[in-house]
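Data block below; observations after.
Letters A, B and C mark the chains as written, and numbering starts fresh at 1 in each.
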Amino acid sequence: MKTDFEKRYQRAPLHRPAEKVSARVRAASEDLAARLHKQPDRLVSLPYYEELFTTEKRKKELQILNRKVVGTYCYFAPEELIYASGDVPIRLCSGHSDTITTAEELLPRDICPLVKSSFGFPILGDGWIDACDVIALPTSCDAKTKLGEYLADYLPVWMINLPKIKNYDGLKEYWLKEIKLFLHKLEELNGKKVKAPELKNALQLLKRRAELYRAMYELRLAHPLLLSHQDLLMVVQSSFYDDLPRWINQTELLYNEMKKASATGKYAAKGKRLMITGAPIIWPNFKILNIITELGSTVVADDMCAGHQRLWDYAEPDEWTLEGMLEAVAARYIFPSVCPCFTTSYDRIDKILHLAREAKVDGVIYHDLRLCQIFDMEKDLVVKVLKENQIPVITLHTDYGQEDVEQLRTRIEAFLEMIL
Amino acid sequence: MITAGVDIGSVGTKALILEDGKILSTEIMPTGSRPKITAQMVLAKALAKVKLKPDDVRHVVSTGYGRRVVDFGEKTITEISACAQGVKFLGAPKGTVRTIIDLGGQDIKVITLDDEGNTKDFVMNDKCAAGTGRFLEVIAHALEIELAKLGELALQAKQTITINATCTVFAESEVISLLAQDVKKQDIIAGIVDSIAERIAAMSNKIGMRPTVAFTGGGAQNIGLVKSLEKKLDTEMYIPELPQFINALGSALVAQRLQSLR
Amino acid sequence: MHTITYIRRGVQILSLTFLFYGATLLHLKPTEIKWYAMQENSRQATELLYGNPTWTQPFQTFLPARSCRFAGTHGTFRGCLMFFFSDILTWRPPLGVVLPSLALVVVLMVMLARFWCGWICPLGFMSELLYEARKYLGLKRIRFSAPLRNLLKAVGWGLTFIILFSAWFISWSAVAWSIKKPLYLAVCQMCPSKLITPALTGFPIMINLTFPGASTTLLVSLFVVLVASTLLYFSGFILKRAWCKICPLGVILSFFNQGAFLSKEKDLIRCTKCAVCASACPMETSTVYEEKTKKYVNHSQCIHCYRCVDLCPEKKCLTVKFLGLPLFKS
């Protein structure tokens, strides 16, 4: 299988299977699932999604499935193309803190916890990466750019050369080429060409997912507690792993249940309506959300790449020719992205202002993941503009560890007292 | 109508007894490893000072990082709100307070207040202890000087040296290497104090500091730091009489409001 | 889904039928227009006599742009806006005579600007059918690069200038007949409609590369331009609305796109900058995407097809308004 790293120099892949660490990883998922399970008045369709995180069912299914599994990172790996090729995308971005120490044997300490956490899994020989045939890795930030060479020790890696400047005319041609190159790699992997009808199906499948998410989002604006934000992120993030048609069926059930439950009127927001922006909050690193819930407030919106952003946008081709669809796929990943890896934060600021306005938030929480420089550097202007718009905002500078929960609680509680 | 405020900080636990806006007594103890018991003890001591029984106290409100461990409090508030309430109550002889700098054991907080004296915005240091009371403690230990004398010694410095490290651990090593170069302790202390002041000044400027600035918390007892900070911020600061008890005062005030609501 | 496009297609079919076959279908008799080229009997120009000039026919100037004179007796109106302007410049009628028609034209242009191009113009509609056929065949589309688009824009301006200048130039009696003859209604000599409209309506296609007393060089040069523009028109098969990018009528209407009553507005905050609008634009303008500080997003080349509004994935992000009244919303 082709890889972007031709191995001129070799590093022996590090394998450190550790049952203790793996057990801690499982326990973290189970604890969170149990915690979510105990939420009052929780909808009955939700335990389905927990299973994807707490059991190995889906992983085993993937291993016996006669389809190639493409591990992806970030917002930018084009899912449409992977589905059109008949393959399955699995997102490898992880929120487990327990694998970080494992990864630090190879990776430097001072890099983003998301990258370290995800890289712990191949070393452990555990997690979703076990089921993957190849990894698609966009060069979205410095850590991801360099992660490819490390991952290449374990699996073939395809890097996706992500541009950094959103300049319409120049970028769309360049990025379309990159998308076509990715499609070509997929075609080589599967030994067959992707035809327009297949791509059309994939586009429509993902559009269906987006429409479903949008419907849920709109329902949640008035009744945010239909799904606590933890549950919402769980539902969103389970779509990265589940069989998508099945996920859509299940989520349609969930949506119908939400619609019915909204009529009871008991799912209005409690306490303050908050919005989370910034670095992704990935299962099971829901500590901030849990603190907010404990303090009696409600998160009603987010703009995260592992949350709202990932499912909101879809490819909308002007014409359903192969070229037209590829153009739409290319545009869909770059232009609406609010990832701070692009040179300007303006698009992201607009997005936050819009969500804050639409969801009528009382305050914004800026989740600043330690050692994620790009989110940190965008913070200043984002915070300034939000304050100019009379939207209170607080920055939480934290990582995947649990040791600062009390400090975070104090900050969030003080913030909630402040916006009284 | 007697109320009490208990502030369980990372270093010291403080209690303050308030009767209708008059401070009856205060008490402080090191928090130690069992904050729950310390909190009970410090409250009991404060009451004993003015010969009161626990039953005389109508309401207790707790604050500080250990606010949730105490079982006698009726309400908890964060130290940010408590601090703002305390400063608002005391008023300021130097003008209306618009910014509070609070230097505690493990936190530096800068709080800005709106025209009504309510919290408008605040910043705190990250989980790192650089520049906090703990930092001063470590340095005092390395220099074998009592914490309380640090401030006055800083004022006796003859030359200015710059401490580059902001991390507590690295700053300690830097101090030790300066001692090895035979630099005078006073100069080192002045350097340390300056580096903390610099950090606080940066935080204050970032959040948009407006005079009058109040300086509270244990750090405000360090006269060297006060002078250095005043120079850096280019403003005279208001330091309340009992800077360590502001948070406890704030929560006792909140407790009085519980009463009036009833 | 895509409601606006469906409505627009309906309007386009109706207007093509009306403009090309309306006279036949409704038993209307369009007024005959006499002009230079038709004086073939005497093989002479009648410079003084001009029967039924366009400006005396208010019905024919009712639209800011009308069907082509090459629709023959089938069409409802004779001659487009360029025809009208050229005639005025060539014959210089008294202002009082021409003013009512001119005023009507200007009012309509101020109201609707290039709305004509996207909804009424039969040529534009047929060029859209060309690319619909390509889509059906699944063939690849080619986009104009930015420099080429700028070049085409310049060519359009150049053509417009030549057409209007030549119309005014031949009005001087001192100009020789050999020049006057070929340059009369230069717009029609270069317009692809001269070949396409007759092909659809059965009107005879007239191409004279020689004419007594007229400069053959000029006639041939104009014919070369005609061939080039027709080729450009048919390249619309793979390049969307290729001719429309230089159409002189479009150039004139485009002056009114900014500030017309019909206007497109964008909710700057709601917009996710997904650039679907830019990829959907048949004129390949990207103003709707690029404009991030002002809510009015009317590009001079916008043909008001509202494909961007139709495809915009964000509810209520793009709005088409007529004098502030919303017509269409995304």
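In this text, contacts are C-beta pairs under 8 Å (C-beta built on N, C-alpha and C of every residue); 3 or more make two chains touch, one makes a residue touch a chain.
For clarity, every value in this text was computed on a predicted model and none was experimentally measured.
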Geometric centre: closest chain by C-alpha means: A
Leader among chain pairs (count of C-beta contacts): A-C
Farthest-lying chain, centroid of Cα atoms versus that of subunit C: B
Distance from the mean Cα position of subunit C to that of subunit B, given in whole angstrom: 77
Chain centre separation (subunit A, subunit C; CA means) in Å: 49
Subunit A and subunit B, separation of their C-alpha mean positions in angstrom: 40
Of all residues in subunit A, those that touch subunit B in their complex: 370, 387, 392, 397-398, 403-404, 406-407, 410-411, 413-414, 417-418
Touch list for subunit A against partner subunit C, complex: 166, 168-169, 172, 196, 312-314, 316-324, 327-328, 331-332, 334-336, 346-347, 350-351, 353-354, 357
Subunit A partner contacts - residues on subunit C that touch it in the complex: 135, 138-141, 146, 268-276, 278-280, 286, 289-290, 292, 307, 311, 313
For the subunit B and subunit A complex, residues of the former touching the latter: 65, 77-81, 107, 118-122, 124, 126-127
